[in-house]
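Labels for the chains are A, B, C and D, by order of writing; each one numbers its residues from 1.
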Amino acid sequence: MNQIPVAILGATGSVGQRFVSLLERHPWFNVVALAASDRSAGQNYARATRWVLDTPMPEYARDMVIVPASPDAVRAKIVFSALHTEVANELEPAFAKAGAAVCSNASSYRREEDVPLLLPEINAEHIQLIERQRRNKGWSGCIVTNPNCTSTGLTIALKALDNEFGVKKVFATSLQALSGAGYPGVSSLDIMDNVIPNVGNGGEEEKVEWEPRKMLGKFSGGKIELADIQFSVHTNRVAVIDAHTVCASVQLDKSVEPDIAIQALRAYAAPLSARELPSSPRPVIEVRDEADRPQPRLDRMAGKGMTTVIGRVRRDPILDLKFVVLSHNTIRGAAGASIYNAELLVAENLL
Amino acid sequence: MNQIPVAILGATGSVGQRFVSLLERHPWFNVVALAASDRSAGQNYARATRWVLDTPMPEYARDMVIVPASPDAVRAKIVFSALHTEVANELEPAFAKAGAAVCSNASSYRREEDVPLLLPEINAEHIQLIERQRRNKGWSGCIVTNPNCTSTGLTIALKALDNEFGVKKVFATSLQALSGAGYPGVSSLDIMDNVIPNVGNGGEEEKVEWEPRKMLGKFSGGKIELADIQFSVHTNRVAVIDAHTVCASVQLDKSVEPDIAIQALRAYAAPLSARELPSSPRPVIEVRDEADRPQPRLDRMAGKGMTTVIGRVRRDPILDLKFVVLSHNTIRGAAGASIYNAELLVAENLL
Amino acid sequence: MNQIPVAILGATGSVGQRFVSLLERHPWFNVVALAASDRSAGQNYARATRWVLDTPMPEYARDMVIVPASPDAVRAKIVFSALHTEVANELEPAFAKAGAAVCSNASSYRREEDVPLLLPEINAEHIQLIERQRRNKGWSGCIVTNPNCTSTGLTIALKALDNEFGVKKVFATSLQALSGAGYPGVSSLDIMDNVIPNVGNGGEEEKVEWEPRKMLGKFSGGKIELADIQFSVHTNRVAVIDAHTVCASVQLDKSVEPDIAIQALRAYAAPLSARELPSSPRPVIEVRDEADRPQPRLDRMAGKGMTTVIGRVRRDPILDLKFVVLSHNTIRGAAGASIYNAELLVAENLL
Amino acid sequence: MNQIPVAILGATGSVGQRFVSLLERHPWFNVVALAASDRSAGQNYARATRWVLDTPMPEYARDMVIVPASPDAVRAKIVFSALHTEVANELEPAFAKAGAAVCSNASSYRREEDVPLLLPEINAEHIQLIERQRRNKGWSGCIVTNPNCTSTGLTIALKALDNEFGVKKVFATSLQALSGAGYPGVSSLDIMDNVIPNVGNGGEEEKVEWEPRKMLGKFSGGKIELADIQFSVHTNRVAVIDAHTVCASVQLDKSVEPDIAIQALRAYAAPLSARELPSSPRPVIEVRDEADRPQPRLDRMAGKGMTTVIGRVRRDPILDLKFVVLSHNTIRGAAGASIYNAELLVAENLL
C-alpha cells in the first residue's frame, strides 16, 4: 500500500498545503519529496511554511527537508504541481521529460492539444491523449492538468445535463472564495464589507468560457473537438474562505422540466474507470432541495470536498434552466483534482 | 424652507432609520411625526430604537414621541412608508384616503395599474398616473412607490442603454447587502464565511424580473405599457453591510461597442423635472474605468448614495454587453428613493 | 458497545446540534431520544432543525421523531441538557428525580452547593458531590454541570498553574465566538466590521469571575471550598464562528519564569479517572511557541476540539505572567463538556 | 485662509491617504506637495495610489505629481510624516534641519527626551520641549510626534481620571482594526473567522506600556518626568476596518464610584490652548450609557473621528474601575493626530 513515490512542487503555498494534507494516509501514494522555491529549500517544512488550513499540518510533513523544484532533486513517479504559471511553464515539461507523471493544477498547458484537461468523473477517456503527447514530445513522463477551480463544478453540472439534454448556451456568475487567490492573496481591507467584481483581472472569465468546451468535447481519432457551447461568465470575489458558488442559466437542445433535470443530475455516474478510485466523489453530484442551498460553509465538505453540490434547479425565464453550483475550490477544484487525476493514471496503467 | 410637514411610518426599523437620517436638514421637509407599531408608540424615539446606522441618530429625532401609524395620529402632507408589506397593504390606502401623499418603499402596490413605480431620473413622467389613481379611488392623497432595491440600479443602467440602443434581454445576478434584510435580519452564523444563494425565497427574483418592465414601459393614454424586455435573475446575499452589486449581460436591438455604451451611460441625464431636486443624483450614472470596480465599500456613497455606479462594461460573448452595477440599497434603493419621489411630487404640484 | 441509552434536551438548537454531532458513533452512548419544545415535537429531526454546523447532520438523527422534553416522553439513563436557563430550572430536577443523570450545559444549577461544576481533566474528584446531592434531594438520578464556555479554557490553564505555583489574581479579557449566542443569535449587522464589548449583558463576566473559584476549590468533607482567587473579567463578542480567545494576566504565589510555566502547562495531566475516557482531551493543554498563536480558526480543532491551546506565555509587567488561552466554545465549552462529564459518571459507576 | 503650505510624506499609503482626505478644505493648511517613494515619484497621485478609504479621493490631490520625499523636493512649512519607521529615522531629521516642522505619525522619535509626544487635549504644554530640541539640535524646524494609535484613546481616558483621582496601575487589552496594519497589511485568510492575538509582534504592547507614561508625565524644568504608572497590555487584531477598542482595568490613588468617574470623564476639557483648534475633538470624551457601547462601527466617527468614546464604566473586582475605550485609529490615532499637533504649533507660534 501507498508505495508509489510522489512529490509536491510548490508545497509551501496554499494549494501545496492542501496537497500535503490530502495525501496524508493516501492508500496508494507516499510523499517522498516536498519541493519549493530556492528560498525555502533546505529548511524543514514546518519551519518554512505558514500553514493556513484549519486542520493541523500532518506529522509526516513537519520534518521533511524542502528540496529545490528540479528533476535532479525530486525522485518520484508522480509529481503534483502547485506551481505558479510562469514557473510551471518551464518546470513541468522538464519533469515530464525526466519521466515523471506531472499532475498539474497550473493553467500553463491546459490548452495544449495533446494535454488532457481532466475531471475523471466526466471525461476520464481524455486521458488517452497522453499517448499522443508522449509520441509528440518524446517524453517518458507526461503532463495531465485539471481545470480552473471555477470551471470545475460548473462543468460537472453541465456534463450531467449535456448527456441527457444537450447544452447550448451558458450564462454563469461566480462568487469565489479567498483561498483561490493563494496566501497572502487578498488583503483584508479589500474584501471586508465588500465584493471585488473581477477575479484574475478578466483572465478567470476567459478560462471559464473556454475550459468547459474542451472537457465536454468529444475525443476521437486521438483528438478533442471542442464542444459547441457558448459561455458568458462574470466572476466575483466574496468574503468566503473556501468554496466557489456559481449561478448558472442554461439553454438546452431539448427543454426539460426542472424535476427531470434534477433526476438526471442525481442519476449521473462517473465513467466506470473513475468510479471507484480513492478520491472518487461519492456521490458525483448532490442535489439539495432547500430553497437556500448550496451554501459554501455548509456544503463545501460534501463527499470530503469532492462532491459537486447543486441547488435551486428551476426554470429560466429566457433559456431553459437556472441553478446554483458549489464546489470546494482547493479540494475538488485544485489539490484533490490533481490527486484524482493521478489515481486515474495509475488505474489505467499510464504511469 | 423645510415647511412641508412629513411623517415616517415604520420609523424604528432599519429603513425607517435611514429616512430619519436623510431627512435631517432637508430643505423642504420637516419631520413632524415618527410612527411605529403600537409596541413602540408613546416612547421617545431614542429609547425605542436600536439605531444601526454608522452616523449618529439626528438630534431632532431623539426626543420625539413615537405615535401609532394611523391617519388619526399622524398629520402630515407627505407620509414616508417603511412598513412591512402586510401592514402597508392596509395602512397606505388609509393614509391616501385621508389626504396624504404616501411615498412608499413597500412592495404592496408597485404592480397596481394606477400606482406609479418611480425612479425620477428615468421615468418621472409616470408620476402623472396619480391623476388616474385619484379618479379611480376617490382619494385626495395618493400612493407613489419606489422599486425593490435590487431593481433600482439595474433599471437605471438599462434605461440609459434602452434610450440609445434598445434593450431586449437581461441576465442579472445580484450580490446583495445585509441591510436589505432589515434588523436583526440575517443571522451572523448564516453569513460569516458564507453566501446565501437566494434572497426573499425567490420573491426577490420575481420582483427584479418584473419591476424594470413597468419602469421602462411607455406611459401613454393614462396607462403604462410594460416594456417588452425579458429578464432572468439570480439573487444572492453576501457579507456586505450596504450596497447591492449586480452583474448583468444584456442583448440590445443594435449591437454596440463597449466604449459607445460607456459614452451613452455617462451622457445619460435625468428628465428635466427630476434633474434639480434636492435628492437628484449627481451624476445619475458614474462609470468607473478600473478593472475591479464598482465595489460596495468604495463606491456606495457616490453622489451621497444616490448615484448608480457602473463598471466593467465589456462585450458579452453571447449577447451584446456585460457590465456591473452598484447601488446603495438603503439610500438610492429605499429611503432616498421615496424622498426623491416626494420631491418630484412637490415640484410637479401634485401634493 | 454504545449500549447506554442517552437523550438530548434542546436538540434542535445550536448546542443541541453539537450534541447530535458529537454523539454519532460514540463508543458507549446510544441516542434514543431527541427532545425539544412542544413546537417541534412530533416532527422528524431533519425537518424541524435548521442545521448550522459545517459537518452534515448525522444520518442516525435525520428521521428520529422529536419528543417533548419531559421525563415521561424521554427514557434514557443519561440526559444531555442544552436547554435555556429558565426551562432548565424546571426540567432538570424533574429528570433527576425520575432517575436520569442530567449532564447539563445550562447555568441553572452550577452554583448549587451539592451540584458538581465539572471539568474532568481538572476537578474529576468533585463528582463525588453527587452522593450528597442524592441524599439531599432524594433523587435516584442527579445533575452534573459544566461551566460557561468562557470559564472553561481559562480555568484549565489556571489549574495547571495553580498546582505548581498557586494562583492569586487573574485579569482576563475574552474575545468570544458567535456560536456562543446560539441561533439566530447575533445579527450580522451587529458584528460585521464590529466588536460588541459585552457578552450576556454583564452576566457572562460575573460567571467567569465566579465559576473558576468553585472548580479550583478544594473538595473535602463532602463540600467545596471556593478557591481564594480574585478575578476581573471583560467580555467581548467578535466576528469568529467558533472558539473563544482569552487574554489573561495572572499573579502567582511564587513568581516563575515563563519557560518554567510553559513546562508546567505542557506537563499537566488529567486526574487518572479522567485520563482515558472517550472524550478526554489529548493533550489536555497544548502550548504553541509562535508569537501569534493560538488563533481561533487554526487551533480550535486541536484534540478534536477538546484540547485547551495556550500561547504567548510571557512576563506580566505588573503581575507574574501573561498568556492567551483558546478553547472551542461549543465542543470543549459546551456539548463536548457534558459528554465528557457523562463518561466520568459512567467510569465512576455513578449512573 | 489655508495659506500655510504643507506636505505629506508617504502620501500613497493608507495613513497618507487619510492625511490627504482630512486636509481637504482645511481652514489653515494648503497641501503643496505629496511625497512618496522613488517608485511613485513623477506619477500623478490618482494613478500611483490604490485608494482604500470609503470617501472618494479629494479632487485637489488627483492630479498632483508625486515628488520624492526629500527636503530639496518638498518646500513646505509643515511636513506630515506617514513614513515607515526606518525611512522616518533618516528623513525626519533632514526635514527638521531644513526648517520644516515635522508632524510625525512614525514611532522613530517618540522616545527622544527633547521630542514632544503629543495629544493636545491632554498634554499641550509638552510642546514647549521644542525649544530645547531646537537648541540641542541646532534646527530651525522641529519634530513633533503623536503616539501609537492604541495608546491614544487609552491615554486620553487615563488623563481625565488621573487629574481627579490619580492613576496607579493599568491592565489593558486591545481589539485592533485592520487599517492599523496599512495596505495590503493583514491577509484576508489570516483574519476572516479569526483573531490574531498579537499586534506588531509584541512591539505594540511595549509601546502602549511606555507611551502613556511620557504623555501623562510632568513637564518642568524643560524636561518630562515619566508618570509613575504601571501598565500591562495585551494586543489583538480583529476583523474590524477602523477603530481600536481597549478594555481597561485601572487602580486609582483614591477609589471612586463609577458614577463619579463618569462625571469626571464627561467634564474633562482640553487645555485652553488646544480647545478651539480646527481639529479639536468636540467633545474630548463621550461617555455612552448603553451596556454594549462603544462599538467600532457605530462610534468611531464621533466628533468627526476625533472624540474618544468610553463606555461600561464599572467597578473592577480587583482594582478600582473597569471600562472600554474606543478611538478611530487612522483619524484620532494617526493622521488627525498629526494635524491637530500641527495646529497647536501654529497657534503657539512655534513654526
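Note that contacts are C-beta pairs under 8 Å (C-beta built on N, C-alpha and C of every residue); 3 or more make two chains touch, one makes a residue touch a chain.
Since the model is a prediction, treat every value here as computed from it, not as a measurement.
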Exercise for the section: Would you mind naming the chains that touch subunit C and likewise touch subunit D? Expected result: A, B
Problem - Chain whose average C-alpha position is farthest from subunit C's own - result: B
Handout entry: Euclidean distance of C-alpha centroids - subunit A vs subunit C, Å
Key = 40
Completion exercise
Whole-Å distance, C-alpha centre of subunit B to that of subunit C, is 48
Problem - Multi-partner residues of subunit A (each touching 2 or more other chains) - result: 52, 192-193, 239, 241, 297-298
Practice task
Spell out the residues on subunit A that touch subunit D in their complex, using ranges where they run on.
Solution key: 14, 52, 178-179, 183-193, 239, 241
Problem - Touching residues (chain side subunit C, partner subunit A) in the complex - result: 51-52, 54-56, 192-193, 297-298, 300-302
Problem - subunit B - residues contacting subunit A, complex - result: 169, 171, 173, 175, 192-198, 201-202, 209, 230-232, 234, 236, 238-241, 245, 247, 249, 291-298, 311-312, 316-319, 322, 324
